[in-house]
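For reference, chains read A, B, C, D, E, F, G and H in written order, and residue numbers begin at 1 within each chain.
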């Protein structure tokens, strides 16, 4: 019998909470919404017990605002929501991009558009995570297909947020959020935990909060500490003061995008399963990836050369990885629960978009191994 | 001297107002924001004079909500906003998609993300218009590069909204919105004006508000008329009552998308300038297209085979048109004021994405003919 | 598709604690027997009233697809849930019912076990609240899916000490019922 | 790039009505002379205080790019705007200034016209509000860009009847000033 | 009126969820839940009908309505 | 104190926007706008300084401050 | 009050969708009953009523009534209803809302609708909890309560809906409870007929979450609580127990101009060409 | 009140960004002056102050002060400040807002911050107009006013900020005007030192839009209006002219628990492992 002290049998939403605590969260603001609510509920219990703060705000906009405010005082912060709430957070999320505020936003996806299918699974917010707020910007979005990875990706979300001073979206889904399975909580030190860079500029010396270092990073100074500076959602100079000089504007915008896009390799998480000799490559993520892996494992047993590329970083989209892993495939099938959001990215990534197919489901039911098998047969010209 | 009675010298925002009035608007709700505010201001003046209603709501969310409510009573409705306000409207915009409510949303684009560069031009909300709300859906977005077209596209926006029972986004930009130039207001009858289909089901007979006809259209019945039915943002049955049966969910979602995508040809507006023999195809839209046309006209005079494909429908993206018009091009250059939003669509549309280039500007200044010329020289290998 | 995976569907109505029972079983398998298990349940607007369903998979292997399409064990504690879910039971599977709440309608090709779990609980303990634990006892009495000690260990970590005896008793009652039929 | 396009920049400070003047001119050209014209202006946080700028293009052809990069006519009614915009004037272009507000700093290769427009208005009419119309008069007196009647027609549609006389007078004063230098 | 057979309890057992509110508040103990947990008028003759109506007014499921049998209606 | 040379009007002409608020409200008519529309203390000797401070308190541009010349400071 | 036709719920609901989805004993159904009865007694034409709601258990009410019904998004019902009403002032606008819907996410629309004094009837179905999402505290829960997001009890003060509505400008404000179903109906009737923005707060139990979490017993017991803990405005019992909640009509002001009527005057002016 | 160091604006502002962008005669600058003076007289450490603002002319104030400053998005400043304050309760949180920012788009955050009684000082710089966007009416304009979106005059009633703040739960509520700059400063001092949510409404002229549109004259004339049209709370002048606006401290309640302090007790309970 294994040592059970680190083992939990919990929902994915709770695994996310465990990950956040491991990463050092100390402030959460949220507004309840299915199917993400359990994240708030567990943090309401857990945070005060470690001296952290939990607050239920009047809406999602206020929740997003509150975590940004708290982050500036030096807290590690997070909020959680689902579809309609994620739409409401978009304006403030763009603020976090512009003002470069580390924060984590979990979106446990449900069926949309609108109120949609609130208690059922979907992966329909992939493109919204990228483009939901107005204006050019870049964003990081991570996902996971099992609780161990939910935990790990949550830790990574905080790490990326703190490293690159950026909002990071955790794009989970209803199945992952609500299902219970095992989580083995890693020992301290087993996973890296990153804190934000803080400035070494001493008191009295000019601190430039918005002057990137050569590596693109910007050391921070907590509100309340000795450096007083301005934070704004307008384009701004190196002191954080509003400035719309064309050069300032374009430099800042490029910086905001480049700090993410140029670091894509450091942000890029994925898993591969039986890809080495795969003729058929399934690309999937989140709960869909479970079915993809299921069918691949199953077909492998019957000798089919099939493998799975499981994406954990969705944005920035791992174009290079996808191209490389699909280079030798006879066919590529994207397995997702929407009308084809990641498949569009895959098509532009690969050399032969005509070999890319979509196996999807949009009715609120988890896509099943059988669904994938059916599509696979059709691709192979075998009919249903 | 021309007959001057129909000629105006006005801002683009006012041209939009004239178009809306021509199309039969009788309800507007809004919240001021630069650079769209003049639309509200002029309608505040004009609507009551024709017995229509103007209301300044407490925020953009409420404005979007109010026009949806008004539309259900049979009014032709519109709201107008810019970046931050457009982000706030996303949740209710998704509701309009789901509940199939005719409405027009003008977004006069300014620099983003966040508060960004409020008084300066940008075209950074193109992808947001498509993906800003959560969940799968489809959307129509139109744009224009001069006031005559602002007028015309506004009329078309209402027509499409009423025809397909869908929100239509007018994606203008600060230069178009604020600049003054001539508008010649067409005579009544010169442009088509479409009213929504109303049901012919008589009183007492079952009316199914959400049962599409064979052509995908759904005749409406005004609130206050004899048919009482339910409208919801949840997936719903043909009476409009919530229903999450998998079949109902997937049928409705497909209907929402298909009614737009399958009708793309009827929704697709574009203009071509000197394309017949063009080796170089500039693709542009909005105020950028003015510069593209400027340089093309100029180069043509010097014998260069260059033409412009001016997009007026941005979403659904006119993939077929773009592929066709670029088929014989040596190089295609997308001219836009963002970090490359339409260019991505163009690359996936054409057969040779490697021949597609981007001429852009992201600093709040209108891209100039010189900027385009510079990129053109580089494409041609001539250096700057 | 694989046979080594045990696929259970627990069904009943809101207040009967079927979801809790499902979680306890799966948790016991995972934490105290080193197996893999997943538990999931249907949520929905009507879930408060209508039939509740919880899916449990138990396996030595990784469990990937966590939904049960064709259970090999179905537990139904209400007529409504029986009617709804009996048709999806895998031929040859086990169908455990409470004989107070469920009247079999047409015999499906399965091993039907209808036992007086509720009545036994009410007679011997008098508290409907442990009906679900008795049901769990019956289930493991019938199937030996997990050891009763594992269930008890789970209960110890989740239930106030004062209630342990009652739960233990319910579990034992169930096991006896189950064993009698096994 | 083309020469047939007349490219004007009107500049000054907030209260001086330079934007209004720019609009009137462009409107007159479009509505009453069948030409094409565009007018645009800079907006901005600091616009309320600092230098105001409005660009006007007039042409027989379609006007596409509506911003003026190198004006061939620059009007400056304040020192600040003069300092800021004089450098972008096209060599050989016309620079019209008010000689009360602007002191030339260094001579650029342009046709400089500094006239007492403000003082004339104050002396003859006494209302600073028509300073901009006087400036327009001066401009068309100098350049004959549009006919004075066209300006008057625009004014008739936008200005309360009571004020027409004053405006007309200001226009005429300006035209005289302009003609004297033309 | 308001006493004896002149009152009918129109009960929709499909709609009744057996919450017991009507039973609890009935001043005349007219109502009870049946084996399936649905309401039943077990002592309809004690019902005071229009003078009371509490069950109808407080039933959250619109499952019970009191109909006065208006015998003298056509007099 | 509060009379005569003991008061200095520290004026930042860069910051002053010539709104005229201080001029309007100065009880002693100490202030006026100059030709460029910037404030000036034309009758500083009439200023009653700390007893008043209205100009400083009401200047929206933080452009004027009243400094008492504390002559007896080191006594 | 008597009407020609005898009252029958079934004439006012969409029977197809019954039994409804509310839990056994949920107070929201009693509000539904009171409302339908009010509409019946007022002899309103069903074609002239638009019921607009947001999201929440309470908001599902709009699907059940046989009026024009608009089930919108969380918190924004009053904004949608404002569009309906201003566009067609002849329609009666009724907006039932949960406490969270009306006063958490929807608080701004609530105070602004009140400020405008637009002729809409807002019904706050106050169960002091977010029912639909499973029992989180709301801005009306008050301090010292248990909720899934307040495992250590709440520290958030509650709004007083009546005070807030008054301060914001509502011209009719009343409060009752589902225990007082008849009284609720009477207030609803007055509210619906009132010209201007009217608010009726009705305390309504959520036995499933609020009741269970706070050990308040079953539905009937919770309703007994409404009897015990509320009094008519100004009751003498308040002297000894000031914590009692007052029921009654707090504001009924018929002098304040209604928004749509005021707008009609704007139209008149505008049509004369004056700006 | 006297302090050790002599007051000098320049010690409290970011001189680099002066002259500021406000129009000549804009009242917002006077609020800035009063606030800086209040901070000076309270001898607060600049490192302990976080000023959070939204978007609007008024909101640009945060860029000018030499405190920690957070210039956020329109209407949401109080929500950002709630995060700042709850995360670091030792910091003083000051939130200046325009009337539109605070009470149009931001109305919900305003009433909720008040409800929680969180220790933030909200300053409503009320010019009765949207200045930054060029003169649209606001929820504080009141009826019969001209604005770019009300060419035929407004029909929207205005909120009474004091009443709304009171009803929502603010524990300190005061009102003054920029004419009364010294009084404003005194109220600001009290508000900043008050433990709990404090609101100071300061009437502040916008000569550029509100003044011009409504023919109220130049800045000084508008300020004369504040003298003429306001009185101290309960002044006898109200008997003859009840439309006079009252100035003063309307609420000062030090008994109500402050949010962050209440939260500390939750932490204590939780750390003992009780849920």
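Just so it is clear, a contact is a pair of C-beta atoms (placed from the backbone, for glycine too) under 8 Å apart; a residue touches a chain by one contact, two chains touch by 3 or more.
Nothing here was measured: the structure is a model prediction, and the numbers come from that model.
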Intersection of the contact lists for chain C and chain F: none
Both-way neighbours, i.e. chains that touch chain E and touch chain B: G
Of the chain pairs A-G and B-D, which one is connected by the greater count of C-beta contacts? B-D
For chain E and chain H, let me know how many angstrom lie between their CA-based centres, rounded off. 58
Distance from the mean Cα position of chain E to that of chain A, given in whole angstrom: 56
Just the number, please: Cα centre separation of chain C and chain D in whole Å. 87
Rounded to the nearest Å, the gap separating the Cα centres of chain F and chain H is 27
Counting only residues that touch at least 2 other chains, which ones in chain F make the list? 17
For chain H, which residues are shared contacts with two or more other chains? 19, 22-24, 55, 60, 73, 104-105, 107-108, 112, 139, 151-152, 156, 263, 266, 269-270, 275
Do you know which chain D residues sit against two or more other chains? 44-45, 49
Which residues of chain D touch chain B in the complex? 1-2, 23, 26-27, 30-34, 36-45, 47, 63-67, 69
Give every residue of chain A touching chain G within the complex, in rising order. 31-34, 37, 40-41, 44-45, 48, 54, 56, 58-60, 84, 114-115
Chain G residues touching chain A - in the complex, by the definition given at the top: 55, 73-75, 104-105, 107, 130, 132-134, 136-137, 139, 148-152, 156
Which chain G residues qualify as touching chain B in the complex? 14, 16-17, 46-48, 50, 52, 55, 60, 62-63, 66-73, 76, 79-88, 90-91, 108-109, 112, 263, 266-267, 269-271, 273, 275
List the residues on chain G that touch chain H in their complex, please. 104-108, 111-112, 115-117, 139, 143, 151-153, 155-160, 163-164, 166-169, 256-257, 259, 262-263, 265-266, 269-270, 274-275
